[in-house]
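Below is a structure I'd like to ask you about.
To keep things simple, chains are lettered A, B and C as they appear, and every chain counts its residues starting from 1.
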Amino acid sequence: MDINRKNFTRSRKRVETRLKFYGLTSICFSLLMLATLLISIGLNGYTALQQAYFKISIPVDASEFTSEDGNILKNKINLYDWDGTVNRSFNKLFPEVKSRDDRKKLFSIISSNSGYDFKEIVKKRSLDKGKTVLTVWLSLSDDADQYLKGRLSKDIPEKDRRISNQEIKWVDSLVERKIAQLKFNKTFFTAADSREPESAGILGAVVGSALTLTITILFALPLAVMASIYLEYFAKPGKVTDFIEVNINNLAAVPSIVFGLLGLSVFLSTFGLPRSAPLVGGLVLGLMTLPTIIIATRASIRSIPPSIREAALGLGASKMQAAMHHVLPLATPGILTGTIIGMAQALGETAPLLMIGMVAFIIDVPSSFTSSATAMPVQIFMWSDSAERAFYERSSLAILFLVGFLIIMNLIAVVLRKKFEKRW
Amino acid sequence: MFTLPLSFVFVILVGVSLFFFYFSKKSIVQKSAQIGQRSKTLSTYYGQNAFLWSFIPSCLILILISLAGPNYVDQIFFARVQELNPKFNDSFISLILSKVINVANGKIGTDDQKILTLANEYKIATEKLYFYRGLVVILCASMLGLLVSYLQKPKTNARDKVETFIINLFFISAVIAILTTASIILSLLFEALKFFNLYNFFEFLFGLHWAPNVAIRTDQVASDGSFGMIPVLAGTLLVSFIAMCVAIPVGLYSAIYLAEFAAPKIRDYIKPTLEILAGIPTVVYGYFAALTAAPFFRDVGGSIGLSVSSESALAAGAVMGIMIIPFISSLSDDVIRAVPQSLRDGSMGLGATKAETIYRVILPAALPGLVGAVLLAVSRAIGETMIVVMAAGLSAKLTANPLDSVTTVTVQIVSLLTGDTEFDDIKTLSAFGLGLALFFFTLILNVIALTVSRRLSERYE
Amino acid sequence: MKKDGDTMKQKLIAENVDVFYGEKQAINNISLGINENTITALIGPSGCGKSTFLRCLNRMNDVIDTCKISGKILMDNTDIYGTEVDPVELRAKVGMVFQKPNPFPKSIFENIAYGPRIHGLASNNSELKDIVLSSLEKAGLIDEVKDRLDDQATGLSGGQQQRICIARAIAVSPEVILMDEPCSALDPIATAKIEELMNELSQSYTIVIVTHSMQQAARVSKKTAFFHLGDLIEYNDTDKIFTQPENEKTQDYITGRFG
């Protein structure tokens, strides 16, 4: 009898051990997945911080595109044969390459934007009149770059490889001569999108996201604060107020893509606002984050003890004065926290932006709220859809920056909440 | 005529309104000095009243004209282009019109004399519009400001007026939530109805075949593409089901451990870490699913002799599940912790173990909240877009095999609406049909979830 | 119930006041006059309606949506529930001090200056400072805080916080001050100080105080009203109430038989 009892108790205890074990395993699984996600993306992405460059000396005849007093003539500089100039100089490094076909292959190991890049370098330097020889570093092509980073192994059969044996030989020869090497990839931070991975950067997307979020916060924050104050202090309990509440709670759970559809049919086709513009993107994301901020703001207003408000009312302050002078300033940290979380959500959002055309290929850094733009997550989406390996690593690096930034935003929110968490 | 850009008009408007703020404030002080009586409220409220009346209505007019004006000019010129040659079809006219606009803005050049003339007129018309916009806005601001300043007497209760104005503004802000929902429903319904004009509603709802690849010709008969949403819906449910298989057990057990077993210190670290998982953008999960998880499942499947599609529902679903874990765990954690301590004490006091208390007392008590959390998570999974766009397939198959490739509602919406599609194309319209279905599906889940969990919180209040 | 021969001017007169919270009636048909420049105490067991009645006197109940009031409350012969009376202006004349000290989480100076600011009582900063200092002086706080006017008011002791709240009410120059159990959260020494302060203030202000402590009522008030279950049972001079109450319930309450 006693032994039975003991066994019974032991088996009851075992259930508990098992439950604990499931719980721990679940948490470890989640943490493991987080680690896998971040590490795999990190390993993929860190190499994009570098880019393969080659050193080359190129003769230029500045008199062909500068005026007498040394100013660059806009129309002439664009007509100058930059591609040819760079290619001819590059050909000189490999004098044995003669035939048209071979030369074409040779030029494929350097960036097809070399001519343009060289032109931009020339524009920035003040040149002597007449012929000069410039020594510059220019980008190798993305395939050569991936080969140098060891991402394209020689073990793969040649026909499945994006870079041929001959091209590998040329690249190796450049490396041997110490005129090709991996250097810090400045382009990634200073350029907008491009068809060529070696000329593509995130600046366009970063500016696009910044413009979009500016609209989002200008739109959502005032509306959310005003709506929250109304609902907390002025709304008479009744059907209208209930209906507003139900709507806000539901909107918080509506799939984000539906907001994209709303933007497409209301902002684009009814109001005729421009496609792909940060203005529209910001409004759509603003509508999307509005419920998040309202819910946070109301919670924060409610956490202010009513005695503060009563004190103000007892002194003859009106309801509005009590709310604006006392409650709102005290609720500000909570409102800020909610806003940061809402903005983080908006910054990471992709689907609604696809609907309103912010998925376009745009090579300029956007300059206004109505110019065509893209955003960080959309850029990541587009790059990971491309065929070139070199875009994968750029996509990963972009993710690292985006996620890093989001984590910082969330940390600020957490710290803010901790710091201002007042026990009344 | 000189141009009046938006920013300039806005600055002037602010200036005019500020002027009336100070003007009203000063004039009320003078007026009350004249009759030797203190003004009923602080003088600043008289200023605020004038400012609000001068600024807000004019600001609304400014926004309205800026939104509708250019559209109106475009419409006029659309007709003008049409006059050039009545045989042009609409899309060709749009093309010419955009060329005219680009020429007018100096973005491109042209040799075509007709376009040049039109562009010139377009430029003048736009400048005229901007000029009148500025004029109307400034006039409106000045007149209202002047009127209000004139009407205010020291015995006017300006504070009351300002507050009523602001409360009405607040009310309108709150109503935006209703307007948003209404415009979602109306816009989806409007476009979807156009679709159902072209395509049978019941065939859409119950059709077993989804192949929206209508040829590009404009004289195409709609029936050539088929839009039966069942396979798309089935794909959505399959992916969501896989996601739930991952997220529900992991999320629930994590929540139980965190709420009932974990030391407070450990909890303080693990909770924010899990929240990082929740804060990662979905496009990142999509990237992970497409480039890491899908090849992994394919290779593992291949090594044990299973053929796994490289766009398998399994990969998309599993990664989506990982995304939803923190969602379920944090909602459930809140629900479990909301169960009153007295229930725990009661059970433990009877000699129950912690596990028995959890299984027999806490979980049943928290059940409505947990159901609510799971329903919200399902709604989230169904509406999730980026993971499936990047990792799931495009072809609609009616299958329950998780190793096969399936498509989902959101994937179809994205693929139908990205790229340069005509707005009245049947493909575009079908996307709104899907959007409407998606909205109602998730709406029902959300309403049930919110109602169920509200019951819980009422029970323990 | 008014005592004959009472020659003092009545500042506030309640006539047939009923208060409902939703369906529930909190106060039944109460009529009562409150003398100018005296302290009137409202006593009674919890839930008897004394706080509700107090909050009617400056329309603080307006803030509660479900609260309905009927009857008349006259202040200097005008009905404070009349349509032309702005509750905001009324509350400037009828100040209130609450049960728990509730200073704003701002500096001491800002706390006192808030009322004069919103009512425009000072036309410049030096006037404002004068008001603040004289209010602190009237509240007997000036020596304790004059060197730290910029410190947070929430950092003071409970008794000091409550006197800040009284000073804050005085700064608006009210005619009546309502006090809702102002000492219930304080220790005996702080309580004594507040009572002393009330005595001084009663020279120039009409004070109505709700209290749980009968000793306090006996110590500070001139007149006392006893409430029970929403009814006014007895209203008379404090000495009378505590020595020879007319009503049996009053007798039971003050001798501690219930409550």
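We adopt the following convention: a contact is a pair of C-beta atoms (placed from the backbone, for glycine too) under 8 Å apart; a residue touches a chain by one contact, two chains touch by 3 or more.
Everything quoted here is computed from the prediction, not taken from an experiment.
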Central chain (distance from its CA mean to the mean of all protein CA atoms): B
A-C against B-C, pair bridged by the larger set of C-beta contacts: A-C
Whole-Å separation of chain centres (CA-atom averages), chain A against chain B: 19
CA centroid of chain A to CA centroid of chain C, Å: 60
Gap in Å, rounded to a whole number, between the CA centres of chain C and chain B: 52
Junction residues of chain C - those touching two or more other chains: 88, 118-119
Set of chain B residues in contact with two or more other chains: 159-160
Overlap residues in chain A, where contacts from two or more other chains coincide: 318-319
Interface residues, chain B side, partner chain A - complex: 67-68, 70-71, 74, 159-160, 163, 166-167, 169-171, 173-178, 180-181, 183-184, 187-188, 190-191, 249-254, 256-258, 261, 270, 272-277, 279-288, 290-292, 322, 325-326, 329, 353-356, 358-359, 376, 379-380, 382-386, 389-390, 410, 413-414, 417-418, 423, 431-432, 435, 438-439, 442-443, 446-447, 449-450
In the complex with chain B, residue positions of chain C that touch it: 86, 88, 118-120
Touch list for chain C against partner chain A, complex: 58, 60, 63, 65, 88-93, 95-98, 100, 102-105, 114-115, 118-119, 165, 168-169, 172
Complex contact set, residues of chain A against chain B: 12-13, 15-16, 18-20, 22-27, 29-31, 33-34, 36-37, 40-41, 44, 222-224, 226-227, 229-231, 234-235, 243-244, 246-251, 253-259, 261-262, 264-266, 269-273, 287, 290-291, 294, 318-320, 344, 347-351, 354-355, 357, 359, 377-378, 380-381, 384-385, 392, 395-396, 399, 402-403, 406-407, 410, 414
Touching residues (chain side chain B, partner chain C) in the complex: 41-43, 157, 159-160
